[in-house]
Amino acid sequence: METAGKSVPTIPGNTFLYQLKRKLPYIISYGILAVTTLPVIFMYLWLIIQSFASNMKYGLIPEGFSLENWEFLWTNIVYKGAELPSIWTATWNSLFFAGMLTVLEVLIGVMAGYALSRLTFPGREQILKITMILHAFPSIALLIATFYILNFMSLYDSLFGVVLVKTALQIPMTTWIIKGFFDDVSWDLEWAGLIDGCSRIKVWFRIVLPQVKPGIASVSIFSFLSGWSEFLLLYTFIVSNENVTLASFLQRLTSDPNMVNYGVLSAISLFYLIPVLVFFIFTQKSLMKANVGGVKKV
Amino acid sequence: MKVELQNITKSFDKKTNTIDNMNLTIEDGEFVALLGPSGCGKTTTMLMIAGIYKPNEGAIYFDGEKVNDLEPKDREIGMVFQSYALYPHMTVLNNIAFPLKQQKVPKKERLERAKEAAEMVQLGHLLNRKPSELSGGQQQRVALARAIVKRPKLLLLDEPMSNLDASLRIEMRAEISRLQKKLGITTILITHDQEEAMTLADRIALMKDGRIVQFDTPMNLYNEPDNVYVAKFIGTPPMNLVEGKIMYNKLQIDKQTYPMDKSRFHLEHGKEVILGMRPYDIQLGWTEEIRFLGKIELLESIGHSKIIHANVFGKRLQLFAKQDFQAEIGAEVRFSVQPAAIHLFDKKTGKSLRKAAPYGDEMFVKDAALQ
Amino acid sequence: MKVELQNITKSFDKKTNTIDNMNLTIEDGEFVALLGPSGCGKTTTMLMIAGIYKPNEGAIYFDGEKVNDLEPKDREIGMVFQSYALYPHMTVLNNIAFPLKQQKVPKKERLERAKEAAEMVQLGHLLNRKPSELSGGQQQRVALARAIVKRPKLLLLDEPMSNLDASLRIEMRAEISRLQKKLGITTILITHDQEEAMTLADRIALMKDGRIVQFDTPMNLYNEPDNVYVAKFIGTPPMNLVEGKIMYNKLQIDKQTYPMDKSRFHLEHGKEVILGMRPYDIQLGWTEEIRFLGKIELLESIGHSKIIHANVFGKRLQLFAKQDFQAEIGAEVRFSVQPAAIHLFDKKTGKSLRKAAPYGDEMFVKDAALQ
Amino acid sequence: MKTVINKWKLPAVMLGPFLILIFLFFFVPVILTGILAFTNMDSAMNWEFNRLLNFEKLFSDPDISLILRNTLLYVLFTLCINVFFGLTLALLTTYFMKKEQFSLLFRTIWMLPRMTPPVIYALLWIWFFDPSEYGLLNGIRSLFGLPPVNIIGTEPMLIIILANGVIGASFGMIIFSSAIKSIPEDLFYAANIDGAPHWSIIKDIIMPAIRWPFMFVTLWQLLSLLTSYEYILLITNGGPLNESEVLALYSYHKAFQSFEFGYGAAISLVLVVIALVCTLILWKLFKVKDMIGPSRID
Amino acid sequence: DGEESSGGQSGDDNKIVIKAQTLGSEVTRVDNLVEAAKVLNEELKEEGEDIQVEVEPMYYDGSNEDYAKQFMLAHQANKEPDIYATGHEHIGWLADGGYILPLDELKDSEVYSDIIYPNLWDSVTYKGQIWAAIQDIESRPVFYNKDALKELGWSEDEINSLPERVKNGEFTLDDMTQLAEEAVEKGVTEYGIIHRPVEGPDFHYMAYNFGGTIYDAEENKIVLDKEATEKQLSYFAEIADKGLIPDNLTQMEWSNIHRTVVNGKTLFYYGGIWNIFNWGEDDYHEEVGKVDGEWVREHFGMMLVPAAEKGGKPVTLSHPYVYVVSSQTEHPEIVKRLLELVAAPELQLKHAIDTFHYPITKDVAEMDEFKEAPALAETVYMLEYTTFLPNHEDFTTYSQAIYGAIQAVELGKKTVEEALADMETQLKNDLGDELIVKE
């Protein structure tokens, strides 16, 4: 709205330039997002097309549509002469493994994170430091040593053993992240819970924990993800054949670089994406809503 | 429940004591208000009674039992926090029902009682809201309902009504009072509203810098302040204070002398003293014995009456006039006080010179001088 | 800066309007208080003026210019939040200096001014503390200092002193008033302390359920309430209200009749009305024209005086007595009011029957009946 | 006595599972691996100590300087992408974007690379940049009559940094997003009113609030990158000619392709020493100690 | 079933479970053992033994290294398979590490007597002992593009006799290079020569071709034959210099290699016979899509790797697959009997036809069914020219080093001399005592 008569408007709110300047950061940020995201979108679009195309020209133009690559959903794939286990078995196993890992990791991590954030005891800083430094060991370098431990505990070739190992490898991360979130919870809330008749543990569970939902969302997505895609440990520490997971399923399909069927591979990787995607969207939607209000937070 | 604090000391930084050797005994079923300037340690004291903070030194007794190591959850208290501290993830109803849930009250009864409490604080229509969707005063009322609902043995209220409007506050006060009386709950109230403290409390503990300055009934606190600090703190507008000197049983201020009642005060010739007069005790006109002449500096209207700010001896004194009082700024005004209504304090120690006043330590030396 | 709100509507849930078609004009340099019961929409209104919330409908003008699309940061306002909203990671000093930093005030000057503001709110000794290490009142004072320090064109104060003790509050009030006058800052204050509103504000806007009920000077609000709601809300203790009926120029209550001043009120025979009398206007004894006989139900001591709760016509009325008033509960008490001091309202609409009263819409029908 | 037990009960309960797990499956393997570094264990899996031979061998390795250089480049640049781009994404999707659906969409898209099985993700890059005309990039180029290019061959480090950067950015994005979400809204209001422009809000309100996650992500990603090799292995396998070989991958190559377990462990140990130094420097730099506050419940 | 130890008895007392594991797609390697167990059970019954043998097959997918790693770990934990099928080059470390049993007596057993190629036993001999039963064998021929040759004006006859000429040493490596050059110059094909894009055994036959060696069996050491290696590197440098190979061959995807070859974009391709099988698996051809063996034979010929010098012996390389027996097996005798039975002609034949490999005994090669698989039957002669990888445990180190050097010269990042010198330093550092440098 241009005010013709007035010389210089005292309030800049109504000039076009002001509105542009106001919106500029938003325009720029949407711009940045769009531009940087485009290649990623492109890549995955291509993956989708590839899974439905019978052939690709110039590497990117599909020729014909077919569901052939998606047949694994209803029949077991025969690959290199061997019939692979049903994809659903693999999916179920992966879900089980990832679920178990997530529960264990989030539970232990959230407990330890709370202790490190809110309880006073000697050695707090040291524990944080050591867990961080442990991470400096490439996990693959630990495989041999871990094998000896597992073997010693008769946990070699046991799914439970692998879950424990995996949890141990991940738990410092979870703990560190979650500690940061606990730090920001208002003490008054915890006090209120204590006075309302909770023990410290109960307060932690009933009152403090719900406040760190966004933190739990982020750690659970990462632990689920790492469980979902876990391959190396299972592959190294499980001899028996029955525990096929989606990751190892995929690995089988790519193990011989001479024989990779990219169409099927694309389809399966898309299939592989779905559960994590669902899990991600779910956790984001329900947990990213932070609880604020009701406390004068300082 | 009888609450005793014995020689409590609390320090946050190991250098200064936030609470400094505090002693306080609250009888079973008593309603005590903690009054004091902002930052004097009221909340800290309350949190120690609640068991959140542990005193660095000293002991706390509930019914004669030492509870220093008793966990807050076992103390059977209800508390309103100054910051409300509502559970952000629970609805109003669940917030209020939470303490009952901890007591394992069956669900049906629990919800009923919670609803009842919500009705009491006039939030019956907002039961399903989250705290973030409430206004400040509504949040505060939720906090109040939550503290009361479980009918604790000890009720700790830290500014429970600071964000409520006058009429609501009066209703809440009445409710609290009713409940407290009915159930005989020992109650400690922190408030900045003196009227609230006066009307609700059996006794008021006035604090300053982590110590209790006077602990007495509201009337005594008002009528017989032990020292100038209490005198100044209690009563709005605050007591008018004027420095003077005792000259042979008389008080001399700025060349003027005034007769003093020897039977009421310790009068020591040559002693520097402070004269105190409450604005409400000052009458317009020279109707009483002790008379002053002042110049009107400001005339403030507060609804039912007016406050005259008058300059006497270069000091600004406040007194009340009827709402229809009219005068020019700069005009002269005469006013007077009954001898029985005046207060006299030792300027050096700040202690009251009243004959019945208890003589304690001399902790207020540095604050005695008027700023 | 002149602030105008035109037909502002704001809804949080798309069903009910939290703010409902509000109109309000605040003149440049004016000090306006927003008063109203908890949850009536005061904070929401203020946040819309600040530009934090956008009104669903209507426009806001600053100095005649529409600012609906002006960002908060460009509105040159200072604000105290009801929840303080201190920056938890900054020290007191940095919290206060933050607005100055945004104005690119050189560092040295910035720190000086911030320190000055801190001194003003008596926090000079806590400059390096983090907000979490402060008491409630201290936090509130930081918020106050932060709002004032940049000398904004518009100052928004949402319960800025609710957690301060009386004497500090008086000092803060004086400071705010001084600053406001000196710099001519347009100021909007939300408070539950009527005395605060009365003493500070040029005009008071009384709100109810998202609407402004009356917007007038404190004295007019007190003396000439437009309707029974205002009458009841303003003044502590609240105005005593008694239902009655007009019988040929007289007021009949419970068989008794009282003469009414026809020149002051619209008197319509047979109309059901509400009689209002402020406790402060009631005199003990039958010294005035309109006389009542009551039974003492409760005698409350509030320092400088006593409140008598007396039962008349089965209703409880409040009046004041001197501090030395003595009587038994159940004793009879005589009291009276000047005809000039009474208020009369239409029972159905709640509107004042005063002749000069403006006739507006009939929004208060449902609230008119006394609960 | 009872108070002593009470005092320790809670930290013990909360921290116990964490410590036990870490000790058994992380700490002990690390120690074992440390010992392993001083043996010449090979495929026969015998613990034969060979003093410092492994280290002598490493330091006289002709490729070591190239590998160290690569490691430095890789870690430095990828870390920058991870942290700053992750932060940018988090800010864009939580602070600038007001519509939660859009943020979720963008966040989901940026999570895709991390959700994709590594084998497939690597293949996507390889396909994209395949030097033959069948590659996506070259396919597009050929449409414009441009000759095929071989970016993976000529600029392997660039590709690796980008590929890892994209993966890592999502980590920061999610953690920062959750942390930003936890900031009480009225702080933003207050800052707005105090006249703070966007960058100041970011600098003065958001950054201090996410100080812990920021520090964690930086430290964690630094160490992760130092020890990561998976995507490098899959995309270039360190090639061509060791031009993209990093220390961790080298350790993997030695341990699991040449089966020189002892030597591999020794390389890891060197890696850990480097990591240790970095960690301690950052620890001081970030003033982590200050972020570990005392309990406010006595 | 972690309870069950390897080869342990479970359920009824007289049932013996033998675990057998293989890697990758050629599942007949263990499935044949299951079949063999049936025969064994018959025999046992006849012998009146009251035991039943059951072979529990285990299939592994993954890299060679991972497969080996798993065996190591499983062996430590006593969970390894009794019979482990693997590439012959692994027996070095398996024997050294005490993982496996020597199987010298197998050489004398009847089924293995008419071995297809006498030197085959060398491939499983280590430190003077035989450590494995050979399972199958293959060859790595050069594929040549018949269509392109036609376009270059070659007659049908000339084209079909090329393998023979190579065999006789008439057509040398240089001739091959020249021919490729011609094809590229004339624009008949885009590239002259394609070889595998990743490290692997194919490169090592070149060392033999240039008269060198890579292994000293007596001393059990890796050999760096500098002269031969230099020639080897020069060869790759030359084909790269002349623009016969794609610029970035060593960064290409396997699938694109296949595409390039199948679509006739190259004249020669250093491949393996199993590639015929691969090409039938996916739509590599732009028009035809999946191609079958017939199609391949129509468009491509297969020949040995031409000799480096005129009249010299052409080469190829085989990578025999073998069964080794865990040193911890509880039933070595049963296992050995199984390993004899599994060499039964019918089983071998099935494996050969299914997976495009050669049998290990002549009798199978003579069978009609085998001859009906022309691609196999026509190339089986190549075994006479074959070479093997050494059984040394550090051989991968060498293999990687030479691959690196080849890559460097192909990309023009190093001269042949530099590459050789660097390779020498690297190998000396990595292998130490295990290396003999032959000037």
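The first chain written gets the first letter, and so on, giving A, B, C, D and E; residue counts start at 1 in each chain.
The rule is simple: a residue touches a chain if its C-beta (ideal position, glycine included) is under 8 Å from a C-beta of that chain, and two chains touch if they have at least 3 such contacts.
Since the structure is predicted, the reported quantities are computational estimates derived from the model, not experimental observations.
A.B. asks: Fewest touch steps from chain A to chain E?
C.D. replies: Steps on the shortest route: 1.
A.B. asks: Would you pick out the chains that touch chain C and also touch chain D?
C.D. replies: Common neighbours, chain C/chain D: A, B.
A.B. asks: What pair of chains is linked by the most C-beta contacts?
C.D. replies: By number of C-beta pairs in contact, the leading chain pair is A-D.
A.B. asks: Based on the averaged CA atom positions, which chain is farthest from chain C?
C.D. replies: The chain farthest from chain C, judged by C-alpha centres, is E.
A.B. asks: Could you find the chain whose CA centre sits the greatest distance from that of chain B?
C.D. replies: Greatest centre separation from chain B goes to chain E.
A.B. asks: Indicate, using Cα centroids, the chain positioned nearest the centre of all protein chains shown.
C.D. replies: It is chain A that sits nearest the middle.
A.B. asks: Between chain C and chain E, tell me the centre distance in angstrom, where each centre is the average of that chain's C-alpha atoms.
C.D. replies: The separation of the two C-alpha centroids amounts to 93 Å.
A.B. asks: Take the average of all CA coordinates in chain A, do the same for chain D, and state the distance between these two points in whole angstrom.
C.D. replies: Chain centroid spacing, chain A to chain D, equals 14 Å.
A.B. asks: Taking each chain's centre as the mean position of its Cα atoms, how many Å separate chain B from chain E?
C.D. replies: Going by mean C-alpha positions, chain B sits 94 Å from chain E.
A.B. asks: If you average the Cα atoms of chain D and of chain E to get two centres, how far apart are those centres in Å?
C.D. replies: Centre separation, chain D to chain E: 39 Å.
A.B. asks: For chain C, jot down the residues that touch at least 2 other chains.
C.D. replies: 71, 74, 83, 86, 88, 134, 136 - these are the residues of chain C that touch more than one other chain.
A.B. asks: Give the residues of chain D touching no fewer than two other chains, as numbers and ranges.
C.D. replies: Correct list: 127, 130, 134-135, 184, 209, 256, 296-297.
A.B. asks: Counting only residues that touch at least 2 other chains, which ones in chain E make the list?
C.D. replies: Expected reply: 66, 69, 76, 198, 255.
A.B. asks: According to the definition already given, which pairs of chains are in contact?
C.D. replies: A-B, A-C, A-D, A-E, B-C, B-D, C-D, D-E
A.B. asks: Contact residues on chain C for chain D in the complex?
C.D. replies: 47, 50-52, 71-79, 81, 83, 85-90, 98-99, 101-103, 146, 150, 156
A.B. asks: Okay, in this complex, where on chain D does chain C touch?
C.D. replies: Interface residues on chain D, with respect to chain C: 184, 186-187, 189-197, 200, 204-205, 208-209, 211.
A.B. asks: Given the complex with chain B, which residues does chain A contribute to the contact?
C.D. replies: 186, 188-189, 191-200, 202, 207, 210-211, 213, 291-298
A.B. asks: For the complex, which residues does chain E have touching chain D?
C.D. replies: Touching chain D from chain E are residues 65-66, 68-69, 72, 76, 93-94, 96-98, 198, 246-248, 250-253, 255-256, 259-260, 393-394, 396-397, 400, 404, 407-408, 411, 413, 422, 425-426, 429-430, 432.
A.B. asks: Can you list the residues on chain E that touch chain A in the complex?
C.D. replies: 1-2, 24-28, 58-59, 61-63, 66, 69-70, 73-74, 76-77, 79-80, 198, 254-255, 258, 274-275, 278, 281-283, 289, 354-355
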